[in-house]
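Below: the structure, in structure tokens.
Residue numbering begins at 1 within each chain, and the chains themselves are lettered A, B, C and D in the order written.
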Amino acid sequence: MKKLINQPDDVVRESLEGFAAAFSGMIRLHVDPVYIVRADAPAKGKVGVLSGGGSGHEPMHGGFVGYGMLDAACPGAIFTSPTPDQMQEATRAINGGVGVLHIIKNYTGDIMNFEMAADLARDEGIEVASVIIDDDVAVKDSLYTAGRRGVGTTVLAEKITGAAAQQGRPLAEVADVCQRVNGYGRSMGVALTSCTVPHVGHATFELPEDQMEIGIGIHGEPGRARTALQPADQVTEMLMEPVIADLPFKTGDEVLLFVNGMGGTPLPELHIVYRKALQIATQHGLKVTRSLVGPYMTSLEMAGCSVTLLKLNAELTALWDAPVCTPGMRWGM
Amino acid sequence: MSGAPSTSTISHEDVLAWLRVYAQVIADNRGYLTDLDAAIGDADHGANMDRGFKAVIAKLMDTADKDISTTLRTVGMALISTVGGAAGPLYGTLFLQASQAAAGKTALTLSDWATMLDAATEGVIKRGKAGPGDKTMVDALVPAVQALKGAIAAGQSFPEALQSSARAAEHGMQSTLPLIAHKGRASYLGERSAGHLDPGATSSYLLIKAAADTWAGSY
Amino acid sequence: MKKLINQPDDVVRESLEGFAAAFSGMIRLHVDPVYIVRADAPAKGKVGVLSGGGSGHEPMHGGFVGYGMLDAACPGAIFTSPTPDQMQEATRAINGGVGVLHIIKNYTGDIMNFEMAADLARDEGIEVASVIIDDDVAVKDSLYTAGRRGVGTTVLAEKITGAAAQQGRPLAEVADVCQRVNGYGRSMGVALTSCTVPHVGHATFELPEDQMEIGIGIHGEPGRARTALQPADQVTEMLMEPVIADLPFKTGDEVLLFVNGMGGTPLPELHIVYRKALQIATQHGLKVTRSLVGPYMTSLEMAGCSVTLLKLNAELTALWDAPVCTPGMRWGM
Amino acid sequence: MSGAPSTSTISHEDVLAWLRVYAQVIADNRGYLTDLDAAIGDADHGANMDRGFKAVIAKLMDTADKDISTTLRTVGMALISTVGGAAGPLYGTLFLQASQAAAGKTALTLSDWATMLDAATEGVIKRGKAGPGDKTMVDALVPAVQALKGAIAAGQSFPEALQSSARAAEHGMQSTLPLIAHKGRASYLGERSAGHLDPGATSSYLLIKAAADTWAGSY
């Protein structure tokens, strides 16, 4: 394992300390329990937006705390959902009196921990709504499984929902916006290499030079299938076609195209994937009116990417364009 | 670990001994459990459980003079606030439910233990919505409870009953090998999840086995 | 080689096409010769700021084209300086009538190609000034060598110089700002892994699991020395101490601390390095008043980082804070 | 390649043949030159030269009816606008200077060729500010020029003189092996640059050798 770390058990704490120091103007780090919160929280009269999940996906979620996006984020151990006490205290810290929305990626651990936290917060008299993001078309959805994973759409949902909350909309409306983003977003990912969890010390899985994992999540887990490594254009097709087919996205739809890097893949490769994804979207009659390209939701140093398509309308586009000022996403201010 | 009490019940001290033994078992199997999780999950189950039971041990320093139910409640709360992931709420619930079932008891009979494990398992099932065959810790816990109940009906001694439940949990754990996961992170793998033991079923088996081993001479 | 690419020879073109499509609001791609230019160039009456260099360092330089930073950037082949005709045409395209500044990293190839381009542009009657960035303390400076490499300070120089140009300052002043940033900035880097140049197909060098290269540049070249892999805190010391000693930075100095990722190192590790670098700076009595952390100047997928310290004053701080709107760096608008 | 002309001069056609041969030599040695550059540089010299000489070949389609000086100028311009890096300006300058020295000539005598190579080498030295022993292409070029001049003084035949210069370039290239680089990218390595051949000296040797080989029967 080659990493710029000290002790594996200190990775999350030390990186959060560095992160908080580097972005002290925007965010504060609370310890015991651990959460990252907007420097100016709570915003009175504004719905608080909280997300969280395992660490190892940076900049998500802590990097999305700030004006116009999240009010707080709870980081867990690497690839491990945070605990209810973190979420409960963070919920309290960002409650401006009009309730808090929990944005939860659909993983059993995240769901259960957030559920417990919401119960605890409600016991304190805080109004809590929850939206579960489950946009990964690589996973078969079924009542008899854990359902689809929450992947790329989470980033878009946090931006758009945060903008709605920033406008001062009430909790039910903010939750509704988030729900609609989840309904309109679809993603799929591919890995060229595994990642190495620091306290494990070796790669989670071995992937030969000529193979790739298609349909991966964001926790260094193997994907749905292992196939021969393909040129970028073919890989992009393998990701885009199931995504487009699933909603389904239709001729004339305005969409946001998001090519996300898994951490170890450099920008030029993401742009090569974007190039092809744009061609495929255009061939399907989709109008790509907004784009996002970069490592926004990573799996440590994994090489690979995911593509997300989000169907837009005037309202969602305006919320996407609204000012945002966070360590990981910033425009308009 | 604990001395052998004169009655055929499990004392508060025995419960503490069981928890200490299990914490050590988890520390010893941290790498193994994580490797199991690497194959069909996200390579953290061993680290999660170890972090949790290290916190449990630290907390238990304060509760030596409390009762069984309080101790189990402390364990549950400590797990919930330190483990995270799926295992945190599930094992946390397991101990909270066991705590409730043990309310007011200063010593546990075999039937108390069966009632507690039953309640604990029901709690896990309710929290995680998994059933037998979904390739989760439920596959180790449910057979353990059934074996305990069967042992009581058959009039087995406390040690025999504990051994029966540990064997049943072991079989339950092994039964997860060929299964396709329907719950938890392993379910994302679909058919690729078959051929691997479930890490949570393994840690649950170790929990039941730790009880049988620790309490072997305690009645 | 595991990369999301098609043909190695098409990597630069295809990634530029994707990049230009994704950021069409800010930049335009010119082909034959290839350069990236601000969508609204030339800005009449404003000094044009041009940089360029080999590809493989993204987001630098193309990602820094836009309001308040570069007016154009010339990308070469991977790790290969661009050619004079690119620079000449880009210079022409961004000449607002008051001259153009070339910001050049100190590499023999870059120097010679920019030199030729400046001569050609001057022949056309365009006023051209050049500033060479040479901030790498890992390299011994001497009249008898190629001198120090240009590394991390380049990013800061492009931001600050771009802001000065955006204010409408004349060419000599803009060049002077850039020169001062170079004089005040020092950097040093480390690699944990090599990178793989696409048309080569294998790693540029082999680095065993327990070794690192200290004093690397940004072209996948070996560094000054190979040493045992150390914990992040020690590595940070090995980078920071020579940087601090070189200017030298002194008690009471206000500084910008920039921890740059080489491409394959995830954000949490950069934050761990930032945390320690901040401690070290503080121990030396430096006041870190501005920070930048992230992969801004990369070497493809190389794992590693560099640290840069830039001595600030009120003027440079204000120029750093000034609005910037580029694909790779954005705030204030 | 070219037929053997009757005079002991190098024709325009011979020059074209030399360039075509060299383009092929570079294509064949692309990987080798890049490997040399990987050791002490940035692993692109082979790719750079190959990209440049492919462009040269494409351009030369149009200049078959032009003269030697125009052809060499075309080569220099093509290299400058396609190679980039250090090699682009250096090899570009080499050919531009050779072009100037050949101005007005329809055929090259041995002394013309020596004059051209001398001017070309001076151009490289002026552009790159490297001297002998700095571990650059200069270390192959300077001995080649000296050998040519010596051969002329010694009254060697054209083929003998070409062979002398090729051998001198080869020795010059080999002399870079133990050197510590003082110029170019390899200089950043300091003492670690010793023990490796310089890629540019190698490509320069191949250029001189291609002339000797191509023109072996042309006088």
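Just so it is clear, contacts are C-beta pairs under 8 Å (C-beta built on N, C-alpha and C of every residue); 3 or more make two chains touch, one makes a residue touch a chain.
The structure presented is a predicted model; accordingly, all values stated were derived computationally and were not measured.
Counting only chains that touch, the fewest steps needed to get from chain B to chain C is 2. Centroid distances from chain D, each centroid being the mean of CA atoms, peak for B. Look at where the CA atoms of chain B average out and do the same for chain D: the two points lie 77 Å apart. Chain A and chain B, compared by their mean Cα positions, are separated by 33 Å. If you average the Cα atoms of chain A and of chain D, the two centres end up 55 Å apart. The touch graph of the protein chains shown is a line. The complete set of chain-chain contacts reads A-B, A-C, C-D. Taken together, the chain C residues at the contact with chain D in this complex read 33, 54, 76-85, 107-109, 112-113, 115-116, 138-140, 144-146, 149, 197, 199-200, 204-205, 217, 219-222, 224-225. Within the complex, the chain A residues that touch chain C are 1-7, 11-12, 14-19, 21-23, 55-56, 58-59, 63, 192-193, 209, 212, 229, 231-233, 235, 259, 263-276, 278, 291, 293, 298, 300-301, 303-305, 325, 330-333.
Taken together, the chain D residues at the contact with chain C in this complex read 34, 38-44, 47-48, 51, 80-90, 127-128, 182-185, 187-190, 192.
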